[in-house]
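One chain, chain A, appears in both complexes that follow, with chain B as partner in the first and chain C in the second.
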Partner chain A sequence: MSGMNLEAARQTFIEEARERLQELEAGLLALEHDPQDGEWLNAVFRAAHTIKGSAGLFELDVIVGFTHRVETALDRLRSGEQAFTPALGALLLRAGDHIGLLLDAAVAAQEPDAALLQAGQALLDELARALGEAPPPVPAAAGTLPERVERSGGAALGPEFWHISVRFGREVLRNGMDPLSFIRYLGTLGRLLRVATVTDGLPALADFDAEACYLGFEIDLDSPVDRDTIAGAFEFVADDCTLHILPPRSLAAQYLELLRALPEDDLRIGELLVNSGCLSRVELEQGLRRQAEVQPSPPLGHILVDQHGVEPAVVDEALRRQGQVRERKAASARFLRVQAEHLDALIDQVGELVIAGAAVALLAQKHADTALEEAASTLSRLVAGIRDSALQLRMVPIGETFVRFQRIVRDVAHELGKEITLQISGEETELDKSVVEKIGDPLMHLVRNAIDHGIEPVETRLARGKPASGHLRLDAFHDSGSLVIEVGDDGGGLDRERIRAKAIANGLITADHELDARGLAELIFAPGLSTSDSVTQLSGRGVGMDVVRRNVESLRGSVEVHSTPGAGTVFRIRLPLTLAIIDGFLLGCSGSRFVVPLDSVVECVELDTAGAGVCPPYLNLRQHALPLVCLRELFGLPAGGGARRASVVVVQCGGRRAGIVVDELFGEFQTVIKPLGPLFAPLRAISGSTILGSGEVALIIDIAALVQLAAQRRPVLPSRSPA
Partner chain B sequence: MGELIRQDCAAAPAESLQLLTFVVAGEMYALGILRIREIIEYGRVTTIPMMPAFIRGVINLRGRVVPIIDLAARFGAPPVQAARRTCIVIVETGEERFDVGLVVDAVCEVLELPAERIEPAPAFGARVRTDFIRGMGRIGEQFVVILDEQRVLSIEEMCELARLAIDGAAVG
Partner chain C sequence: MIELHRNGQRLAIAGELTIYHAAEVHAALVPLYAETELDIDLSGVSEFDTSGVQVLLLAKREMAQAGHALRLSGHSQAVLDVFALLELGGLFGDPQLLPAGGAPA
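After this line comes the complex of A and B, so read on.
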């Protein structure tokens, strides 16, 4: 493997290992609820096993050693020797965290430091105690597994070690695998007694392909591990090699069986085996004679069953496991790892394509050529399809983000001595990956806050006539073009009097300042306000809620809070679905162009200002008063063509409706969002810009912020000084 | 319209400076050319509501949205009135090489000024803030203010000014 490939493979390994760790964690959490579920246990075991196997490939011996012990413990759970207890589950969760830390060290390409190693050893000791074993020796590469069925006794003739016979496929090197790494890994499982290289596959020099692998190995391994573990070492080349593993003390017949299965000259391998003491020369000759008689040879599994009384159940189990591995392989083949930059570049290009398509459509319209217009509209439709597919590539379900909170809620609640159940719904709701990455921290703050401040201690809950166990809810759903995430608890709700007192103490409001319930609730997002009297490790330091709001707003989202005293608090985060392209609705006002997200547009109605040029504060829309926002007044745009009739775009956002008064409506428009950049970060009500087919720049209106701005009922004065 | 220069190397050695000179509000100024990407004709600028006067708006620069700074307004003079020779100089600023466009009344020339003809900024008497000045270049009998684009185009400072303008507008 060249350095480049190795680094890339290492990256992939670390990413995958992290995913496996998540599976491991999810499985352990599920087991806490249902300790009998064998499927989860298997999933956890597989995760640990895969991490160990692939870490071995990269010579991350510390991870291998540690994970091996964890795997051993899991194996005992799986075999039923040990029952799953919550305490053991908690310990295994911590072990999973430790593997995560070791991975962090591997990312930094560092050897784990002494403190980390010590922590690992402490965990292993604890694990051993929990399993009722003596603590393992410090560099615990090889475990002490109970004897396996493979060690079938009887007329054992063979030597006391595993014999592994492997022939690598031609493509192994090209696939980025190094045959030596497998042998190196085997070395971590036990003692390599003997490694003989089989070079029979080498072609004549003229036919030799430098990038092909022609080698095979005959290996004698002294190790207490089981067959699965040895086979697992070769998992990454499972499809690309011929592997035969003979357990210690196998019958000579099995070696002969091996001979039959291998493609090379029988005598040559026979010699190797005789030399390594697996077979005597007499046995070899007998075997070769017999080989001629038995044709075709029965499957290895049958032989095992026939000759050694290996229970058919064991063979079945092996086959089932094999099937699982295959299944997982198939599942991973359905996914393709793509570098995020490549995807971003594609989205950018699609964005340009959308703009260019809009330009073509505009030209076609101008020329009034029916055929051209038709072609342009077909093009637009296709481009819209490509746009949607391209954006879909970046969409991921929010479930992964939510699932992490199971663990956090469990740990934090435990730490605080509270009982809390987390209910997750809407985990299949999809949103842009770049949004998902940035929403984790704000959510974490909200969840921790809810556990720490929201949900009352058990005694208080019981005194208030609530169930002892608190209820925390994470929900996600789509609502008019945005994604809504709710974090709700059934705690005491916000203590408005205390917030008020704190805000006055911190000088945020004056003592005589009267605030409505909503305004008071909004105060918790102010910097430096924490209502908790005790500063805990979790929250209460007064950093948090303002950070939450800032983070959410940096994603062009908003966060609001609804609280019912005594019944709980709900935080509602509203986020745009994507940061790249939206369906927009193009408006004109005073010669400027604006875009509002099409999903938020309910309808359009005409407004007869009859040349007055002043727009009324409300519109009677089918007997309902609709508050109006005059874009010209709000943005301080120059007055122009006041005599024309204005239009009202009725928009909806977060359950509120408002009418935006504009001069012209231009209809739907595929909007490629171009961020305005850091210079315009303080800007409210405008979330970005887009380029029209004509090359003009139009501004994208953030409906929620616009309505909020207008609700302050202070018309914005023209900021451009007339100097 | 062509790009003048696109170099990734560090700032010019102390010996001499390559400068682009231009006129803003009747005064001649200069900028080191290393950070200048291109000069384009003044075109349609989309104004951004609620921003201070020196942030003139944004333009579409081959598919990218680039903010436009009115240098005259940034120096406290009345904004540039678009005329036939009005240009936009696209400059990279900050660590992230963020592009901004500068509206100038006219672009003059690119010249190389040896170190001995560059003097430190005067303590007072200049028409622009002293911290905006990187040095004074002597061209013949004339002095030209060499601007420090890191200070003049500091995103943090401009952002803060914009924030003040917006909050002022919201309260007023």
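After this line comes the complex of A and C, so read on.
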């Protein structure tokens, strides 16, 4: 395998190992609630086992070694030798974290440093103590030895090593796997006594395909590991190879059965086994003679169990594993791993396609050729379809991000001596992957904040007549073209007096400044305002709510807070579904073009501007006052030539409405969002730009900011007064 | 990258003798089966995998069946490692000269 490919496989391994770690963590957390649940325990064990198995393939020995001990502990839990306790669960969680750190080191292609190794050893020691000083790992085979001796009735024992017989499937090489790497890995589990390459599978010259795999191997391995570990070495090709493993001291009869199960000529393989000392020549000859008499051959599994070579449990385990492989195969058929850059390139190209399509449509319109226009309209419909499907490719459910918080809430609550339950809903809600990646940190801050400052200590809660256990909820849902994430707690709510005092102390507001509840709440997003007096490990690290707001706004989103004294606080993050392309509504004002997201448009009404072009602050829309924003005034555009009809586009965001006063309406427009340069960063109410079919630039209006401006009647340009 | 240099009954293979180039090498070898004697120089082989082993095994078998001789020579470290792991030395029956650096693991 070339270096490139190995690196790619390694990346895939690390990604998958992280997923397994998440499963491990989720399982351990679930066990804390229900220690008897065997399903979860199995899931945790499988996760650890898979990490160990695949780490071995990449020769990440430290991970293999550490995970092996964790797996041993889990196995004791599984077998019921050891009961699951919260303390043990917490220890195992930390062990999982340690594996994560080891993976980090592996990502950087570094050997773990001494401190990390030491931490790992400390954890293992602790684990050993928690398990009541477990004896050093004993190979499973040795443990079952006396029993087997008895059963075999004193017959002569076979050789002292494992015999592994493997035939690789045709497609193994093409699937990027090299049988050599599996054998090399076996070499790390113990000593390879003998490797015999079975070449009988090589076809006639005419049928030979240089990229197919035809080889098989008969391997003798001297190793203290158990059968699972050896089988685990072949996990990556489990459904693409035929594997027989005979444990040490297997009887001659078992080797003979193996012979029968193999596709090659009995004599040839028999010779191999005789040569490696698994069978004596006499045994081989007798066996082959007898074999001819035995009809028909029962499944190999039965033979092995009948001869006590394998415990029935082992066979069950093998069957379960096969089922698992099948499941995984089904899952891999449903999902396809695609490199993120490929997707991004596709989206970029679709973006250009949308712009080019708009240019074609414009030209068609200009030429007033009906056939051309029709063709252009079909084209734009198809382009819209492609755009939607392309964007859909990048959509991922937010659940994965949410699940991580189970652990954080648990740990942080423990640390603070609080009892908190986390309720997650809307995890199936989808949003753009690039948004998901960037929303983790702000969410983390809000969650920690809620636990640290929001939810009161148990005594206070009881005194206030609340249940001792605090309640935190994470919720996600779609709302008019954007995604809303809510972080809510049932704590004490924001302490408005304290915020006010702090804000005055910091010079954010003057002492006589009156603010309504909403305005006060907004203050917590101001830089330099922390209401917490105590600097705990969790907060007071200089990262405040202002950073949360900035992060969210950099995603073209907004964050707001609703607080009820004594009853709790809800932070609501509103995010665009995608960062790339939207359905827009094109507007014109004084010759400039603007785009608003179509999803936010409620309706369009005509505005009667009898009063010489000055637009009124409010419009009476069906007996409701609608605040108006005149784009010409807002952006200081030159007055358009001549009196004309103005239109009001009614937009809605977060339950609030506003009217945008413009000169012209151009209708729907597929908008490829291009970010604005840093020069425009202080501009509020503009979130980006786009290129029209004609090559002109149109600005995209940030509806959330605009609605806010309409309510506050603030100018769009930053004020020059000292902040 | 793979390079094949033929010089009479001698073929030098240099580069990655792996799945990526196995088909190419195989295609180049098949016409050479007709030679009564062929010497393949492996000293330039930088990477060697199962598919490379198979191509050589097939060449050995086909030529042996026709009574022709195939010799491998100049085994590079990559080749030596694989030959040692899979115990292929006996199958090919060629002398393997160990490089001065020491024996393969």
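By our rule, the second predicted complex is superposed on the first by the 617 of 723 C-alpha atoms of A that agree within 3 Å, B and C clash if a C-alpha of one lies under 4 Å from a C-alpha of the other, contacts with A are read in each partner's own complex, and residues count from 1 in each chain.
The rule is short, and it goes like this: a contact is a pair of C-beta atoms (placed from the backbone, for glycine too) under 8 Å apart; a residue touches a chain by one contact, two chains touch by 3 or more.
Predicted, not measured: the structure shown is a model, and the values here were computed from it.
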item: Which of chain B and chain C A:G636 touches, first, second, both or neither; value: first
item: Chain B versus chain C as contact partner of A:L699, first or second or both or neither; value: first
item: Which superposed partner A:E352 touches (first chain B, second chain C, both, neither); value: first
item: Partner chain(s) touched by A:F217 [first = chain B, second = chain C, both, neither]; value: second
item: Touched partner set for A:V195, first chain B, second chain C, both or neither; value: second
item: Per-residue touch tally on chain A - higher for chain B or for chain C; value: B
item: Partner chain in contact with A:F571 - chain B first, chain C second, else both or neither; value: neither
item: First (chain B), second (chain C), both or neither touched by A:F680; value: first
item: Chain B versus chain C as contact partner of A:R184, first or second or both or neither; value: second
item: Partner chain in contact with A:S689 - chain B first, chain C second, else both or neither; value: first
item: Contacts on chain A seen with chain B and repeated with chain C across the two complexes; value: none
item: Chain B residues within the chain A interface of the complex; value: 44, 46-53, 55, 57-60, 63-65, 67, 78, 98, 100, 155, 158-159, 162-163, 165-166, 168-172
item: Residues of chain C that touch chain A when the two form their complex; value: 16, 18-20, 22-23, 25-27, 30, 33, 47, 49-51, 53-55, 57-58, 61-62, 82, 85-88, 91
item: Chain C-touching residues of chain A, taken from the complex the two chains share; value: 1-2, 168, 173-174, 178-180, 183-184, 187, 192, 194-197, 199, 202, 205, 208-211, 213-215, 217
item: Complex contacts: residues of chain A adjacent to chain B; value: 352, 355, 592-593, 634-637, 674-686, 689, 691, 695-699, 709, 712, 714, 716-717, 719-721, 723
